[in-house]
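Lettered A, B and C in written order, each chain numbered from 1.
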Amino acid sequence: MLYYILKRLALLVPILLAVSLVVFLILRLGQGDPAMSYLRLSGIPPTDEALAVARTELGLNRPLPVQYLDWLGKAARLDFGRSYVTKNPVLEEILYYLPNTLVLAGFSLFLTLAASLPLGVISAMEKDRLPDQLVRGLSFFGVSIPNFFLGFLLVWVFSIKLRWLPSLGMGGLSHMILPAATMSLMSLCINARLIRANMLENLHSRYALYARARGLSEASVVGRHVLANSLIPVVTAVGMHVGELFGGAVVAESIFAWPGVGRYAVSAIYNRDYPVMQCFILIMTLLFVVMNLGVDILYAWLDPRIRLQGETS
Amino acid sequence: MMLENMARRGLVVFACLVILVLGLSAAAAPLIAPHSPDEVDLSQKFAPASLEHPLGCDHLGRDVLSRLLYGARVSMGSVAAIAGFILVLGFAVGVTAGFLGGKVDSALMRVCDVFLTFPTFILAMFMVGVLGTGIVNVILAVSLTHWAWYARIIRSLALSLKNREYVLAARVSGSGRMKTAWLHILPPIFAQLVILATLDIGHMMMHVSGLSFLGLGVAPPTPEWGVMISDARQFVWTHPELIMYPGLMIFITVMAFNLLGDAMRDALDPALQEAAH
Amino acid sequence: MSAMPYLSIRDLHIATASGKPLVREVNLDAFLGRVLGIIGESGSGKSLTCLAALGLLPRELSASGEIILGGAPMPLCGGRKARKTRQGRAAMIMQNPMSCFDPVFTIRSHFKETLAARGVPRSENKPGRWQAALEEAGFPEPSQILGLYPFQMSGGMLQRVMIALALVVEAPFLVADEATTDLDAASQARVLDLLEELKERRGMGILLITHDLSVIARLADEAAVMRDGRILDRGDVFEMFDNPGDAYAKALFGAHFRLYERKDASGADEERGKENGS
């Protein structure tokens, strides 16, 4: 197990390096003239002279690999430059908004997992009867609604018509519910379906039959054996959900004016604020990679076949 | 049980009809739209539904129905382009890697893995941010963020088929390597690829409209369903229908493709359910 | 030999929900201290019959008839009542033992929960009892086995753990559904030795289901041949081998003997003697 963890941690380095290379290449390929946008955003008229000065300042005259290594070195020292717009250090600004996004994403993930579990289990136990058909029908709608539409639907129903929940801004639980629901519905439905499929498979497995033969009550068979074997594989799906949640966060923050890093990134894109954009993608990807690593390690720990690899008698 | 099967078949037929209607409307939009989608007429601001404007007008007096029809062109067209791009790239890389194996396989899979390391929507945002907004860049961005997943699946399909008996038999009987590939492996791979793509079209469409919703997609005043929702967001209190119409269009389109994809998968290859999501 | 059958099956019919018959007019008697073997090809209905005997028929199937297990009526529809009847009266060992254990639970967990389900209080549900059962099943170092996960053991070992699980609940009757089918020859021999020992020493009754005639020859006292859900022939095992009543049974036994054909004309006893050693 320890070996597994160390191996995965070691792989992290080349992965992150590859990520940084891709980001850098896209950045350079697409930037047009970074000097131009820098000057534009700073309000300096782009005379030839100013452009030349900007180019030297931004180090754009050096060969590409040198620029990359220099950029990478800076990134390693957590120096992501300054925002073209606010002139503040980019990392500082992103880290200012990031916790808000993480809180929202965390709550969404919790909603996804907490709601999909009972739905998936009930759906499986009541296969083809009314509860199952309801859950399956709702799931089907749930994966077909775009989150930006869903957000406004929820606002219309819960904020405008029913006046139960606020429609804007950051705050406590009541402010979090609608944006989190917007983000989590699709993942919730996918996860419920996954749990249902796993449970159906395991309900008719041979070890379930043998457990019944040994005299275990149906409650024990389902609650202990079927559930354990059904939920462990779902852990790996969490990685996929987190990826969707990050994307959903950007949309939800826009709809609900939640001051998170997604909203910040979108305005940076409008402003062609490249330092912010690059830091944004690097940080979010880093988080995503670390989350996936955590999920994989958790899964390896939960499943004894992986945890104890190499210890077969 | 019988009723359920009939209902399911009915749904599939419905889905196909929806897709057909949408496709035709999108193609024939200039012919059937009652007005130009860009025609601003402030005197008609928020006009209610009427014979002249079957779904009313938006905040700039533009005919909603026409904008929806033209929006279909953008949405369906961009998704078709993305699907085409991904199918070609994913297929090419996947089959090459699976069939050739060895160093080529490793190298191609490393490239795939790098792309799969990024959260898709965030990467698409970044690409659009860097390359510039506009529908072409959105298509490019969504394609580049999605293809790697397909390439991996196609590769494993190619690997599993490579060693099947009929392929071995064909090679023994003297067919050249290329001929073996084309005749025996590609058709089943292509079929499963089509099923996967159909199931994923909804996802692609939501990313395209999502980017447009955020203002990163089509340039105004080009109508697109995501943009229409974004335009109408400030009127959610007073005129929510301006959000509902385009939202429902996306919802119905995505649902139709999901229904179709599910039906195709159930009919052609139940085992594929494990390979996908 | 006890006069009353421990397991008695009368007029058992099993059909699918749409009415297709799977098991027809099955009548069987199995006794404590004796082994009843059921021979048949796959699809002959032998597994369904033993599932019915234990009250484990899947809910989708419909069944009629009467089953008495250890003096108590066994409900054909399964469920709670069937479980209560089954407990303490019969245990099962199955084919492909690796798939019968829960991969994420240790052997210890399997023992503990089996006894807990039997109503054994915590104070008595201890490793000592489990290890005694494992020892009887042929494990010299039972404490090592308890901490293992199923994937860490071989099929043969797991099969004997299944037997140990049957012993730990003190069930007087054992249903063995193709228990030796997946095992290599050595493991198979060990398991069969163990079963024979349990029959002799503990007086256990065994319902042995198999498609392998050598296993029947080795272990069974009575045998029944099943085909397409029906019992074609039934009786003392020696008589069945010598003189099968039914044409199908004749073909079955004939094919089996042809595998062991020898040049001298000593006849059936010689062949059976050879099988006992194989």
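Observations
Here is the rule we use: a residue touches a chain if its C-beta (ideal position, glycine included) is under 8 Å from a C-beta of that chain, and two chains touch if they have at least 3 such contacts.
Keep in mind it's a predicted model, so treat the numbers as computed, not measured.
Viewed as a contact network, the protein chains form an open path, each link joining two chains that touch.
Most remote chain with respect to chain B, judged by CA-atom centres, is C. A summary of chain positions shows that the Cα centroid lying nearest the centre of all protein Cα atoms is that of chain A. When C-beta pairs in contact are tallied for every pair of chains, the largest tally goes to A-B.
Separation between the centroids of chain A and chain C, computed from CA atoms only, is 52 Å.
Separating the centre of chain B from that of chain C, both taken as means of CA atoms, is a distance of 55 Å. Centre-to-centre separation of chain A and chain B, using mean CA positions: 21 Å.
Across the complex, chain B is touched by residues 15, 18-19, 22-23, 26-27, 29-32, 140-141, 143-149, 152-153, 155-156, 160, 190, 197, 240, 242-244, 246-248, 250-251, 254-255, 265-266, 268-270, 272, 274, 277-278, 280-281, 284-285, 288-289 of chain A. Those residues of chain C whose C-beta lies close enough to touch chain A in the complex are 54, 56, 80, 83, 86-87, 91-92, 94, 96, 99-105, 110, 113-114, 117-118, 148-149, 151-153, 162, 165, 169.
Residue ranges on chain B touching chain A, taken from their complex, read 110, 113-115, 117-123, 125-133, 202, 205-207, 209-210, 213-216, 226, 229-230, 233, 236-237, 240, 243, 246-247, 250-251, 254-255, 258, 273, 277. Residues 205-207, 209-218, 220, 224-225, 228-229, 232, 302-305, 308, 311-313 of chain A touch chain C in their complex.
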